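Each of the two complexes below includes chain A, the first together with chain B, the second together with chain C.
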Partner chain A sequence: MNRAAIIWRVASFAVAAGFVAIWQLIANLKLVSPVFLPGPDRAWAALMRGFSSGDLWSKLAGTLEHMAYGWLAASIAGIAIGAIIGSSSRMRTYVAPSLEFLRPLPVSAIIPVAIAMLGLTQAMALFVIAFGAIWPIMLATIHGFAAVEPRLYEVARSLQMSRLAVIFKIALPSASPDILAGMRLSLTVALILSVVCEILAGLDGLGHWVLLSARAFRSADLFAGVILLGLTGYVTSVAMSLAEHRLLAWQAAQR
Partner chain B sequence: MRANSAKALVLPLAVLVAFEVWARATHLQSDSLAPPSEIVMALFGAFADLSILAATRDTLFSAFAGLAIGTAIGLAFGIAFGISDTLDRLMEVTVEAIRPIPSIALLPIALIALGFGHRMEIVIVAFACVWPVLILSRAAVRSIEPRLMEVARALRLPPAQRVWKIIIPAALPRIFVAFRLSAGIALIVAVTVEIAINPLGLGAGIMLAQQALRPDLMLAYLVWIGVIGYALNILLVVAQNRLFGRAALSGDGQ
Partner chain C sequence: MASAAKRLEAVYGTATPQIAFDGVTLVLGGKTIIENLSLGVQPGEFLCIVGASGCGKTTALRLAAGLYQPTSGKVNFDGQPMREPRREIAIVFQDYGKALLPWRTAAGNVSLALEAGGMPSAERPARIEELLRTVGLPGHAGKYPSEMSGGMQQRLQIARCLAQEPKTLLMDEPFGALDAMTRQGLQDEVLSLVAASGATVIFVTHDLDEAIYLGDRVIGLLPHPGRIGIELSVNLPRPRDQLSTREHPEFLRLRRQLFDFIKATEQ
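After this line comes the complex of A and B, so read on.
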């Protein structure tokens, strides 16, 4: 980073701090009822209190766990199914249109069906999260497989590679930018669905925490939970960008 | 083309027929599944007593009101950030701090501040719709042909006219792409809020059908929500092609 960039960064942080100060001022002057809007000082105190008593840690761990399991299951299944469909032109003509038809369906609408089948359980949450997160990954994989440079397939044919070898040696690496982009989209979906499932099923996690805090009108705890959820979204998406950068370094070097 | 679209129908039809036959043969008794014929009957029933139409109206009202507010806010900030690099850099940390908050996490805040009903749903939908519009319209404004801006300067257009006569028309195709994305998000968020907590619209309808142990009605709602999502998407894609043709494609996929 050069000097100008650092100065801009600092200025940008100062502006953000200014907004927090305005928030504090509004809270101090009680322009908005403190029942709804705690000052940043109270939200911060609630955050620290939650962490030191261990409550928030366990809630955060619960949410991360739901998110991670659902997302990983969706990633594995999505890439596998996407690879099966994407590597066969017959599957593409028969199956892909049905998937395109299902794509705009708001995935949360599957929640009542999952509740009817599995009850208000951990398994229901995992099913819903995985079901929601699988779409971007699966469709990205199919798209990535379809967009592989045709000459590479010709090479594979002349080398008489098996279908599995074609998938692992040619199609998957060449589709990896699409797949990783899909996995990144799914991360957001997984976080949102984790929160919704925790709210609905009362599972241990930040979603349940913010709802309970709201019910009890403990607005400072509520804001602490929301801030933590924002942080979770931010950290996971930064981590995903770093992983993407790492994993695709070989492609950037090629161009 | 026609052969391909016929092939596309084979799989869903086969699944439906197989499911119907299986359900009939085993005299299915379930709280979560119903044969397709019963789902269709339930859908007709819900249309006949107008319940599903009222629910659709409530959901679409919240979704579109939130979409309109969110798009307006996102567009205003997106254009401002696109024009002024200084403003964009100064606001960067603030925007990046608020953006990753999952929209649904605002639900409890909206709940205690506004109570149940349309208003809290609209606020959450609007929050979710701001970001795609803000980011894509900012990029669209930045990529406007520099000579157009030079023309505006040479003509000494006042800032308001510069935005209205040069920037918005030039960036409109890509702004519409952002709007299309946001419209899909608006519907998803509206239904999600209704399922999670708000006793209103299609989301509440499907939850109620589940709690009443009416799998046929529940799945009828699911099908109907899918149809609405699909129709909205098609409508916007067609509108985009009609209005902008290939111009919008340059904004897609970025």
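After this line comes the complex of A and C, so read on.
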């Protein structure tokens, strides 16, 4: 890491620390009633209490589980469907209009449909999360497959490579930067929808914890849950970036 | 079409040409790109094709590769009609940057051809090393194409083509984007590689000197639609040498003839 990068890193920590300090100040001065706004000290204590009693762990595990299953289902389906649509220009012209109709549809609009069909169940949550998270992945995959260098397909033809080999050795690696970027976007969508589903269906998870804490006016617990959700989003996204960095090492060489 | 076969017989006796165009016409997008092209390339022959820009050189090469099917007429390979590309015919594309897999190292790019040929993975590393050494890239196995110069990338593409163990090597202005020094070095390398493997070569170039220096025969195409305008046999001794071959009176005579032809087509 060079000097400039270190200075930026230090500066960003300073800004974060500044926000916490202001938050503490507002809480101490009681500018907002402590019933609604606990200070960082109380939120931290609630977080530690939740972990030591084990409650928060199980809630966190629940949310991570919903998020992971939905995201993985979205990834598999999104890449598969995106690959089929993206690798044929005829499919693109036929299917693209329907996609344009479905894509801007807010996921919240299909939640009632999902509840009506599947009830307030894990299956409903999985469906809603996967449905919301599939779009970035699928659209990125379509784009990635459509943008494969045609010359490479000619190389594949002159090598008489099988269809399967062309997909796995040419098209997928070529589309991988797009696909991984789509998967990173979907991660956030999956987290948001996990929380929404937990709140709506009362499924075990941080969403449920936050809802119950709010109803009981336990603002410290509420904030502990929110902080944990923020951390979850941050950590998963950093992990995804690291994975991207490793998988796309060849791109670093290109720049 | 029978006349073409007769002409070939007259020139070469009854030997089957490795690649034979028989009255080939190709229409793309309502435009006749190649018209009634008949041409035989003998096994082991080094044929060069020259012609003004847009006269159909690349298109002719793609027909020879099986990447295009003729609208009428036939393209035969070893006496069999060519329906699709095949591994015995390797193509070196001009735009090496697009023809290499950027996510694979030099070794990985060569490996692609070996994988396609069904070579067991245990045997590949030794063969890859050998091929990279052959094209003058030893010690670069772990580099990505983007970390290599243009000349090195083109060498790498040639290594991948050699990995196909082709009977025929098609090259489309392979050195067009390279500087003069790199170009001459690669010309000599290609000549020695081809001499060693005995492959048949069709080599497209803009550079008349390059065509005469490399070829056993040079064909000049006329544009709109593409057809043969001139055909020259190059009776220069092999191995060729960058200095003495280019000063040879026969070289200069052919060069003059080809130059006049190209000038006439451009008017």
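One rule holds for everything that comes next: the second predicted complex is superposed on the first by the 238 of 255 C-alpha atoms of A that agree within 3 Å, B and C clash if a C-alpha of one lies under 4 Å from a C-alpha of the other, contacts with A are read in each partner's own complex, and residues count from 1 in each chain.
Throughout what follows, a residue touches a chain if its C-beta (ideal position, glycine included) is under 8 Å from a C-beta of that chain, and two chains touch if they have at least 3 such contacts.
Here the structure is a predicted model, which is why all the values come from computation and not from measurement.
Once chain A of one complex is fitted onto chain A of the other, the partner contacts of A:W250 are limited to chain C, with no touch recorded for chain B.
Look at A:K169: by the touch rule set out above, it reaches chain C but stays clear of chain B. Looking at the shared chain after the overlay, A:D55 reaches neither chain B nor chain C. By the touch criterion defined above, A:V155 reaches chain C but does not reach chain B. After overlaying the two complexes on the shared chain, residue contacts for A:I199 are found with chain B alone; chain C is out of touch.
When chain B and chain C are set side by side, the one touching more residues of chain A is B.
Across the superposed pair, chain B and chain C touch chain A at no common residue. Within the complex formed with chain C, the residues of chain A that make contact are 149, 151-152, 154-155, 157-161, 165, 169-170, 173-174, 176, 250-251, 253-254. Interface of chain B with chain A (complex): residues 4-5, 7-8, 10-12, 31-32, 89-94, 96-98, 100-109, 111-113, 184, 187-188, 191-192, 195-197, 202-203, 206-207, 209-210, 215, 218-219, 221-222, 225-226, 229-230, 232-233. Remark: chain C residues 65-67, 84-87, 89-91, 93, 95, 98-99, 101-104, 112-113, 115-117, 144, 146-147, 164 touch chain A in the complex.
Chain A meets chain B in the complex at residues 8-9, 11-13, 15-16, 19, 35-36, 93-98, 101-102, 104-113, 115-117, 188, 191-192, 195-196, 199-200, 206-207, 210-211, 213-214, 217, 219, 222-223, 225-226, 229-231, 233-234, 237.
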